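Each structure below is given as structure tokens.
In the two complexes that follow, chain A is the common piece, with chain B as its partner first and chain C second.
Up next is the complex of A and B:
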């Protein structure tokens, strides 16, 4: 266990060094957030009907999404991808460690360190720009707990996509398809409560709600903090499913592995 | 003429190279398609919830979306080399281009062509044509010509932005990711009518980067919105894109003159 902890800690510290990239990412996310807020405000001003979320809640939802964007499964660990492409992945197979756990540890660091660098300044700015603070202290705690589960879920999806590289070598296509699914169905493009009511059941049954929508709504009290356990059941259940799929894929992949290059 | 045939030769060589990886190419195209479908779905969700956007309808916004995506995708396809320019600078490979008796603009643009962006053009076109058929606009040759001119001007604006982004590499070596705010941020913002935004954003994409001249102004004239500006001006507005590209290329030439190799 300590070996995996060491991998997480080392990668985490290494990834914290990319401050220039984080600053650029922060500026881009801030701009995107401002544009999105203006668009959603204009939509709310166009209709007087009662909406499932207030404008202020939608704005908070958008800012949370911009702050936590790096946490979503939108990219893979570059070194894992390079290993698969160059064939160095054989060295990984020689090590007396569980390969899935090694990769999962690296990915956990990838999903947390860059997010931390961007989220902290984004929260400060967004709170000044009109994002609401957490509804209650209980909501804040529920949010933090649920975000941790979301990190695990996101890492499990990232691991599955990374392992698919064993088949596709250049995984940009799979990554884009996954990115498109995640962006739409986790709530990054449009807050999920604004989807038509008939779509809500379908969204409930998809795994992507747990990456973004559930923690964000716990934050603003749109899901009461007392329902946290249901959120966790869904998030951790899907995490288990993706870990299982990932492990199965890795097992099959390494049995038929043809190493590229020499 | 020689220059253009040379450019197409560059294109065909890169394309043939890419097609060697058919599976990867297909997945990339499919991935871009999925992203576009997601974006259109998001716009549809908002309209199904709110009905309209300050008086603008879904087909009108889809018209903006399709048009702007065609513009940026065409610019990305043709000027892809400028997007990847920082690699060229960092490795010192730009020195080689300087030795050849051809324009640097042509050589950098021909460096790479991205076929997945051609797929994005097709997706934009589908959305645009759907929107055009739902707009309740009496299409005349003049209006169609204005739409084409707007798209032509838009390609120039985004191409100019890619050239400017590459030009900065002469001084910074690194590619400046902040420019993404103007390129991709611009295409994101121009998917909606600029009138819904606050003044600072509207001014940014009107006076600094003339996206308003190629998207908002021609479209408002085509939709015959009340308050659309005088016809002559809306006809001239796509020219702003051409001027923007010309200015960007001038800045590029200044950059080339100041180029100092990294030596690697």
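Up next is the complex of A and C:
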């Protein structure tokens, strides 16, 4: 078995064990989903202006976000954080492997296993609560492909934040800022199409659309499946940028490494 | 040809300091004092394949820093270092394939996984061929008696059990050099003996080069033919245990067990003794019940002479001669070189 595949598989299996966390996360996300649906319904009912998305599209968008929340780069791999803090990171440097790839593999598992545990039941419940299924098979396929790219992008951002722990050690501040940026600019707070039109250009130039907004709109057909290649260019382009930044930071970080605790 | 060559290695850390207390924390936001710490200050030595070297020194002497530089984790400030023809921090990935490292205060096993799954993961990470992996693993399991532990998650192991598993983990890829950084720290007597006999065997039978850092001088006496003593970033001494001992002190000890009635005769202060013992070159180190410990310089008085004089004067039940305990030798060496 290839080393990186073995790391992903082992970590994936370990993360699937956290069933209580998954149940709690599922309940919280269900609750917030209902609240957000109520807010957006009230908003649609109180306005007669033409909206860029229909109400049912907005509701679908919200449920997709609730289902895929664990996939967003809002936390770091706790084991990496603990290793950096205690100095056990020395053992990671003793492996004959590219450290960035090792950490990226761990993070891929972190971004997929908990998501899988929460998303499957959430999809079932949400479909009963008014989320629409994809209109065409092409949209469904485009969504799946784009979600995979979103996982890579999200993992690359998570990796960059994790590597910044080599400087900040605790990382609380970076994580808070990251969490706020991600929630706002990926569409988790308010669906991005509902932002004013002057904000759209700015949002297009930010990396966060690719982790949530783009796949959700492909699902609804709000972005036609035939535009999938443009979505992928944006998502994978940003992934490459974050991988490069992460690698550069890791290269610098390991050169100025101070190992904690002797 | 030497396997490891270290020349003039230095490593300097910048440590930021802040004054204590609330005001210190506030000031630390804008102004931080930086202090340079010379962890290694010109270290040179070389090792032949198959050597088993003790690398000792007081806390903060630079032992772990040396191990981390040699294993490619830290980049030194200056100096040359060559391990099997590679520069550890430049050819890190190629270099770490051939070495195994155990840090006694850390574990390289995955905390939540059963031991055997950690081993399997290491096989994949080091790409050890299956047949070779199974042979090595089974041999290590037998040597370290790991069979009952294999299915236990690492977090449930005792320290001694975990250390045995960690030793196996460091050797699964059959490295030719092993760095053991305080492998016996915190272990009970039985686990210590198990670790020692294992280290001895892999060194003798597989010809693995071992660099052992420890504070336990029994580890050193039991295992190491050569000892490098480090103090404050410098090498204080490098040679066999006997050379080390004789360079610091030539003194030996005579331990005498007296018959009951004679103990008051024997002490250093003349006033309290009925017949004080005073021979030139001999000093009473301690007198504890009927046991008396004498320190003597064999250049001034031979052991045979001293024993003759003691037995002539006192009723002796038993006696034996020994070297100055290595702990005291080392403590003396450290004290002489204290900055």
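Methods note: the second predicted complex is superposed on the first by the 261 of 262 C-alpha atoms of A that agree within 3 Å, B and C clash if a C-alpha of one lies under 4 Å from a C-alpha of the other, contacts with A are read in each partner's own complex, and residues count from 1 in each chain.
The rule is simple: a residue touches a chain if its C-beta (ideal position, glycine included) is under 8 Å from a C-beta of that chain, and two chains touch if they have at least 3 such contacts.
The shown structure was predicted, so the numbers you read here are calculated from the model rather than taken from an experiment.
Looking at the combined model built on chain A, do chain B and chain C fit side by side or clash?
fit
Return first, second, both or neither, reflecting whether A:14 touches chain B, chain C, both chains, or no partner chain.
So A:14 only meets chain C here.
Classify the contacts of A:200 with the two partner chains as first (chain B alone), second (chain C alone), both, or neither.
A:200 sits against neither chain B nor chain C.
With both complexes superposed on chain A, which partner does A:47 reach: first (chain B), second (chain C), both or neither?
The first partner, chain B, only.
May I ask you to name which of chain B and chain C touches more residues of chain A?
B
So, does A:75 touch the first partner chain B, the second partner chain C, both, or neither?
In the superposition, A:75 contacts neither chain B nor chain C.
Counting only touches as set out at the top, which of chain B and chain C does A:6 meet: first, second, both, neither?
Only chain C; A:6 stays clear of chain B.
Between chain B and chain C, whom does A:90 touch in the aligned arrangement: first, second, both, or neither?
Touch partner of A:90: chain C, not chain B.
Anyone got the angle at chain A's C-alpha centre between chain B and chain C, nearest 10 degrees?
Taking the centre of chain A as apex, the angle works out to 90 degrees.
Once both structures are overlaid on their shared chain, how near does any Cα of chain B get to a Cα of chain C? Whole angstrom is fine.
So the smallest C-alpha to C-alpha spacing between these two chains is 5 Å.
Check chain A for residues that touch chain B in one structure and chain C in the other, and list them.
On chain A, the chain B and chain C contacts do not overlap at all.
Would you tell me which residues of chain C are touching chain A in their complex?
It comes out as residues 13, 59-60, 64, 68, 71-75, 92-94, 96-97, 99, 101, 103, 105-108, 110-113, 117, 120-121, 124-127.
Tell me, which parts of chain A touch chain B in their complex?
Checking each residue of chain A against chain B gives 21, 24-25, 27-28, 31-32, 34-35, 38-40, 42-47, 51, 168-170, 172-177, 179-181, 183-184, 189-190, 194-196.
Could you list, by residue number, the parts of chain A that touch chain C in their complex?
Spelled out, the residues of chain A in touch with chain C are 1-3, 5-7, 10, 14, 17, 79, 86-88, 90-91, 93-98, 255, 257-259, 261-262.
Mind listing the chain B positions that touch chain A in their complex?
Interface residues on chain B, with respect to chain A: 21, 23-24, 26-32, 34-35, 37-39, 41-42, 45-46, 48-55, 176-178, 180-181, 185, 188-189, 192, 196-198, 201.
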